[in-house]
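Next up, some structures in structure tokens.
Below are two complexes that have chain A in common, paired first with chain B and then with chain C.
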Partner chain A sequence: MNILEIKDLTKAFGGVVAVSDLNLSIREGIIFGVVGPNGAGKTTLINVITGVEKITKGSIFFKGSDIGKLPTFKRSLEGITRTFQIPQCFTGLTVFENILIPLLLRLPKQEAQLEAARIAERMFLKDDLNKQAQMLSVGRLKLLELAKAYATSPRLLLVDEPMGGVSLDMMDSLINLIKSLRDEGITILLVEHVMKVVVALADELVVLNFGKQIALGAPQEVMKRKEVIEAYLGDEYA
Partner chain B sequence: MITSIIINGILIGLIYALLAIGLTVIFGVMRIINMFHGEAVMLGMYAAFVLFDKFGISPYISVFLTAPIFFVLGSIIYKFLIDPIPAREREITSLIITLGISFIFATSAMYIWSADYRTVTLPFSQDVMVFIKTRIGYPALISSCMSAVMIVGFYLFMSKTYMGRAIRATELDKDTASVMGVNVKWISIATFGIGVVLAAMAGGILSPIFYIYPFVGSNFVIKAFTIVVLGGMGSVTGALVGGIILGVAEALASTFLEYSMKDIMAFILFLGILLFKPSGILGGRTRL
Partner chain C sequence: MQNRSVKPIVILFVCLVVLSFMPFIIDPGSYKYLYNIFFIVNVTVLLATSWNILGGFAGQISFGHAGFVGIGAYTVALLHYHLQWSPWLALPLAGVVTLLAAVIIGSIAFKLRGPYFALSTLALAEVTKLIAEGWRSFTQGTQGVVVSPGPLLSIPSGGALYFVVSLWLAGFGILCALLIKLSKTSYFFLAVGENEDAALSLGINSKKYKLIALYISSFLAGITGGVLSVHTGFIDPSSGFDMVHTVEPIFLTMVGGIGTVLGPVIGTVLLVPVGEVFRSHFPTAHLLLYGIVLVVFARFIPKGIMGLFRKKKI
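Our next item is the complex of A and B:
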């Protein structure tokens, strides 16, 4: 069953078309990779799915319902959440408090505290609980981003470049973590530049270039296609 | 003598704190400097005066009766005059708009009630009690106690209720709060309404101990700004600490210097804190 369907989606900023006539169907419970060179429209796609940006044309269906006109918070309550490419932690609060905030919006304080501690442990943040969030390394901030998003109990999690600025050791932890979230039943839309990671994680992959879909399918097969190699490396390598 | 000065300073400081909390919450969530705040205090004072004068309702009761009206007024101002301003221009434009609104309300008050000074004289206005050799007027005592209860109530509202937590999340990061399921637009409208209610309630509570006139708001808005800067912008606890510091400083200045120095204390503290600790006494560290 498809959890998300995007039909003829276009997003333009004035004369610049960031996403053009895009059609996608994402099955429930998979990791769906989105790759493409800089400016391909990957983050814009996340922004329109979450409602941060309005659609210029087309429609988005989540579990069969048209969510194209819903504001961001309603999409979140429906089960769509995201992480940010540049981590947006609550500055001035500890790691524990950062995870606690989304839980406090849904649970009584004591339950929220227990759940925050459980999530911190699951996200490998147990040793950082009392640290100020802004003092964490980039890699651990990315874990905190995932922890905050996970605390909203999402059904569809949009993860924007989780490996950017992350050490190799941390990459393995993140890969395992994202896989375990999928195994828990959360559908993941993964935007990522690091190809090794996308190929290791994605069950299905779409390649965008200048806002258009140029390839769709299994990662190993898609990455061999001529038009994908052209988009990334230029004509001479294709 | 010092003890009685400090006790009186703390009592007035508690009312000042209530006065400033609305301003600090609005600033914290929306980064808006609300110049209408003083006029909300003035309107609260006049509402208390009218209900007392015409219907004999005590200001300590009428503040609760008029609260919904002030909430609607604040929400309308935000929804129709501030929310439409593009985000990048909001800080400055909202300051000018709220300043304009405050002029409209102050001159309207002058048209309706004239420039005469009004007072709310309660049956116990002249009564005093003695506490640790300090003479305390009943109206000042009741007003301070009510302020303290309302500050505690507001603190509990912010920390225990969904709405309070959503306001805190929005204050910390609008984008993230939105992604977490918080209706940031509604929270902003409601926060502005709550800020106006708090200012008007402070005005109502102040009405038995201060003169009421159309431009009284400008006095209070200066005090409120001083307290917000003193305590740290956006901090409710900071507003309480700042209010008490200003109250005690004014009491000390009017006793040991000249009475006229009382109002200058706000400016001296304001400049001092901006020079030596611009983030305020409790600024720079956020707590859940």
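Our next item is the complex of A and C:
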């Protein structure tokens, strides 16, 4: 069953078309990778799915319902949550409070506090609970981004470049973490530059270039396609 | 409600009851100047708390509180002038009318964010002042309006009555701040103030929480204006919409501790009496004092006095 369906989606900023006539169907419970060179429209796609940017043309269906006109916070309450490429944490608050806030939307305070502690442990943030978010390294901020998003109980989690600025050790932890979220039943749309990570994680992969879909399928097979190599490395390598 | 939540409310109530007996201990007739300072402290606590709910709790910096105070002050004065209402009876309406103005302002101003919102509130204060000056047939323009409060429940107007009324109004403002701080809403206020995009992505309806903060804040600021109008017995555009009503609560909240319940209280109680004594001896010198204190705090104690005692914001 498809959890998300994107039909003829176009997003233009004035004369610049960031996403062009895109059609995608994402099956429930998989990790769906989105790759492409800089400016391919990957983050714009996340922004459009989450409602940060309005659709220019086309429609988006989440669990069969058209969500194209829902505001961002309602999409999150419906089960679509994202992380940001540049972590957007509540920097003046502690790690615990950052995780607690989304939980308070649906749980009584005491239950939310217990759940926040459980999530922090699961996301390897147990030792940072009382630290202010602004004291964390980039890698741990990425973990906190995931923890906050996870606290919303998402059905579809859009993860924007989780490996950016992350050490190699942390990368392995993040890969395992994302896999475990998928195994829990959360569908993940993963935008990532590090190919090793995408190939290791994604069950299905789409490649975008200048806002258009140029390949779709299993990661190992897609990465061998001539048009994908062309988009990444230029004609002479294809 | 849990015991932890009830305790500060009980402490507040006990403090208010005890302080209400002050006129029996210190004679208001013999110490008029002192009671005038007490009154100013009380209404300033109310105004600073009002600003703190919007600017400190919800992170929406307002430069328009002079506008809210002016609307409240004129509500009382005009109901008295045109309809011969008792100013005391009109006092709750000062809050309600200001809140209604905030409903209109909020629907426009919250289309903007951050510094743009702050600037739009500054425009509000100026526009409302211009209306008060220009609409002479209704507001008496720059001539102003006289307010004769008369007795309240057969208690004659005077230092004791003004003190007790302003004290309980300040207590009401602190109670509002306490109830917010003890509720889940304070967390959503913080989230919206810290990072609105992140808050939205987590499912928090940022506009709703910004509006709640604005409505509570404007109501309390309107009441402040109303009681000032009753106390001074006269209101005109320059006194009602005085920019001091915008600047002072920001300054006092910063010194006391922005985003905390006690911050505006501590800032006001420590600085307003000193400022008033300065003002009585050297007119405008209190502004110099405030300026020096603000620079010192901004440099050495940016989180205010409360920040010295508390590390966490919640």
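In this text, the second predicted complex is superposed on the first by the 238 of 238 C-alpha atoms of A that agree within 3 Å, B and C clash if a C-alpha of one lies under 4 Å from a C-alpha of the other, contacts with A are read in each partner's own complex, and residues count from 1 in each chain.
Here is the rule we go by: contacts are C-beta pairs under 8 Å (C-beta built on N, C-alpha and C of every residue); 3 or more make two chains touch, one makes a residue touch a chain.
Remember, predicted model here, so these are calculated numbers, not experimental data.
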item	value
Room on chain A for both chain B and chain C (clash or fit)	clash
Touched partner set for A:I101, first chain B, second chain C, both or neither	both
First (chain B), second (chain C), both or neither touched by A:T56	neither
Touching partner for A:S25 - first (chain B), second (chain C), both, neither	neither
First, second, both or neither for A:Q113, with chain B first and chain C second	neither
Touching partner for A:L77 - first (chain B), second (chain C), both, neither	both
Overlap of the chain B and chain C footprints on chain A, listed as residue numbers	50, 52, 71-74, 76-77, 81-82, 84, 88, 90-93, 97, 100-102, 104-105, 109, 148-149, 151-152
Parts of chain C lying in touch with chain A, wherever the complex brings them together	184, 187-188, 190-191, 194-195, 197-206, 312-314
Residue ranges of chain A touching chain C (in the complex, touch as defined)	50, 52, 71-74, 76-77, 81-82, 84, 88-94, 97, 100-102, 104-105, 109, 148-149, 151-152
Residues of chain A defined as touching chain B within the complex	50, 52, 71-74, 76-77, 81-82, 84, 88, 90-93, 97, 100-102, 104-106, 109, 148-149, 151-152
Interface residues, chain B side, partner chain A - complex	160, 162, 165-166, 168-169, 172-173, 175-176, 178-185, 284-286, 288
